[in-house]
Each structure stands twice: as structure tokens, then as C-alpha cells.
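See the structures that follow.
The same chain A turns up in both complexes below, where it pairs with chain B and then with chain C.
Up next, the complex of A and B:
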């Protein structure tokens, strides 16, 4: 198989992402988006292939009278997604509650 | 198949190669401007510029437009939905095989070699992976 031979040691930040291959991860993206899915592949640009993805888009609405901030989030599920790397802000293991 | 050595090299060393393998498939591309385009992939180049045909384009307000052809600049791509039936590893491998065939074809009969092979004992893959270790490349699950 082509995939370049990998060392087992963690030498640089991208190696940390390699450790998460085939695991579920959390990706924070630009424009108030978040993805949770299984990391199938990635490259040096942080282009990624994620499987069983849930995308969360968060918006803030300001109440005209009270100036209250109302946070809304919209979710959708996509079975297999190619993500362009320039939208990625951070990659982490899925957030644990509590 | 990209015609220039530069594009082939860029594609070979990034995930764009998977998108190139989607030629002929119907996919949805989500753009950074919150619009989506669903159509058949005509071509994807090394810079992720995508050419689609028979497109249903939905703008950010939800308005639908039908387009015969659509060219999307790579920088405008946010997501590409991969069709369910696509085998990712097989697609990547067959795309890489195409590149290596072109490379080897050119070197038969003493023609122009894209990469000089240091020794006949080493396969092309080995000298390329040595070179690729210096260039960050594809990493996927090892099987």
C-alpha cells in the first residue's frame, strides 16, 4: 500500500493527529462550525476525510429589545465528508462531558 | 490525469488525489459562501479546483438554479460529500497507480525520467517514499 511508512514516535504536531487515525475526533472550524466524526485520513494541509460526521453550526441572535444573546445551533449528519484543511482551526479528541 | 509533473506531484502528496478519483460521480460540494452545488464531477485539479456538470446550485438563501457547467475555485471549497459507495482506499490506490504508470511509461526506452531510480533493485515506490519522507505526505490507517 502506498501510504508512506510512518514512524511510531511522535516528532511533530501532525504526528499527534496520526495517533487519532480511525478514532473519533472533534474538529473546530472557522465560521463557528464544529465537526465530530471518525478520522479516516488527513494530509499536511489538514484536509481530512471524516466518517459518520455530525456538523454543528452555532449562531448568535441578539434580541432587539433586551439585547440578550440567544445561541442557536444547527446540526446535520453526513456519512462521509472531505474537509478542506484551510477551514480547520483545531483537532482534538471528542470533548468529554463533566 | 493532470498533464504537468508539478500537478501530479502536488496531487500525489495530498488528499486531493481522492477527489480526483471521484471523476464521473455525482457529489455535493459545500462552498465557503454557504452555498452548495450538486453535480457530476468532470475534473478536479491539484489545487482542488472542481469542474461539475448538470449542476443543481443552491445559494445561501436556498434558491435553486440549474447549471450545465460549474467551475469552483479550490479556495472556495469547504466540504465535498463523498458518495456512500466509494471505497476510499481503493480510489486513492488506483489514482496513485495511474500516476506511477505515467511516470514509468515515460522512463521506458530511456525516455524522460520523472525521478531517477538510484538502483534497479529498489522499486520506484521506495525511492519515491524516501523523497516523500522529506515532503509531508498522505497518512492513513495502516492495514
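Up next, the complex of A and C:
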């Protein structure tokens, strides 16, 4: 479990994520999931520990008769969780509205 | 390890160390498919395969069906999406 000493410059993509440590971030995952939470830890696989998280799951229901698409999102709050890196699509600062 | 922490306040913390702290407690595991597992974490490996005890398996369907398994299971880490320490599972 060797911890690499860190530099202060941005040299590779993971360094951009390092800048977000202890900040709130937005994570888009596979299977129509999104997370917004505080980044406590991450590794080279993009496994992450997030705190104070809001999870949003989006589903599409199709009406049998009209074939209309109804988009629904379900949110839940989770105090602390571990995210497995192979499900992560993107990591960004939280989206600002307006 | 403590020397490296002291000299580098902005170290990357090993994510798996934090999962290690959950050993012995209840944990709620969300899979990539519509399935969630709640159990007591006995251990895990570098690939996040997990050994769990006293396990309840939830299928996330409109009815929220539940299957209860006891004893121990080895859960393949390939299909895990998230781990929630202390979680009780989806609301049924």
C-alpha cells in the first residue's frame, strides 16, 4: 500500500481529480446513475470514496399504447459510500444551474 | 506508511483501507444490474471480491422481491457498482 508522494502540478488526467479532493464533485456512472458528493479518496482505477452523497437513478418507462417515453428519476441520500471505478464514466465539478 | 502521511498532507488515501474499516459491520452492495445485497462483511480482496455472512438479496423490480440467504457467500467483485457501509438495503 505505497502512497506516491504528490506534486503540485497537473501532469496527467488523474491530477485533475486530485484537485477535487475534499470538494463536492459530480460523477456520471454507467446504467443511468449519477452521484453528487464530497470526494474523500480515489485511486488509479477510479474507485472512490464519497461522503454526503445524493444518488440519482434515471429510468425510462414506455407506455404500451401511446409508445410515449416517460423519464423518471429517483434520488436517495447516502452518508458514505465506495464507488467501484469500472462503473465510472466521468468526474466533474458539480453542475451549476443559472 | 505513517511517515509518508506526515510528510505529504495531500496524499492519495488508499480507497481499500477505508473499505477495510467496514469489516465486521453490515454493508449494502449495489450491483450493476438491478440487484442489491445486504450482509455482514467478513473480508475482501484487491479485486473487491467479497465474503459476506447473513446475506439478504434484493431484486429491484416494481414489487421489490427479496431472497434471504444465510451462511456465507463469496460475491464476485466484477459486477459491483457501489458499496454503502451500514446500509440496510433498498426500501421495500
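The definition used in the following text is that the second predicted complex is superposed on the first by the 95 of 98 C-alpha atoms of A that agree within 3 Å, B and C clash if a C-alpha of one lies under 4 Å from a C-alpha of the other, contacts with A are read in each partner's own complex, and residues count from 1 in each chain.
Keep this in mind: contacts are C-beta pairs under 8 Å (C-beta built on N, C-alpha and C of every residue); 3 or more make two chains touch, one makes a residue touch a chain.
In this text, all values refer to a predicted model and were calculated from it rather than measured experimentally.
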{"item": "Partner chain(s) touched by A:80 [first = chain B, second = chain C, both, neither]", "value": "both"}
{"item": "Which of chain B and chain C A:66 touches, first, second, both or neither", "value": "neither"}
{"item": "First (chain B), second (chain C), both or neither touched by A:9", "value": "neither"}
{"item": "Contacts of A:48 with chain B and chain C, given as first, second, both or neither", "value": "both"}
{"item": "Doubly contacted chain A residues - partners chain C and chain B", "value": "1-6, 18, 21, 31, 40-43, 47-49, 78, 80-84, 87"}
{"item": "Touching residues on chain C, where the partner in the complex is chain A", "value": "1, 4-5, 7-8, 10-19, 32, 48, 77, 80-85, 87"}
{"item": "Complex contact set, residues of chain B against chain A", "value": "13-16, 18-19, 32, 48, 74-75, 77-84, 86, 88-89, 92-93, 96, 125, 129, 132-133, 136-143"}
{"item": "Contacting residues of chain A [partner chain B, same complex]", "value": "1-6, 14, 18, 21-22, 31, 40-45, 47-49, 78-84, 86-87"}
{"item": "Residue numbers on chain A that touch chain C, as the complex places them", "value": "1-6, 18, 21, 29-31, 33, 40-43, 47-49, 78, 80-84, 87"}
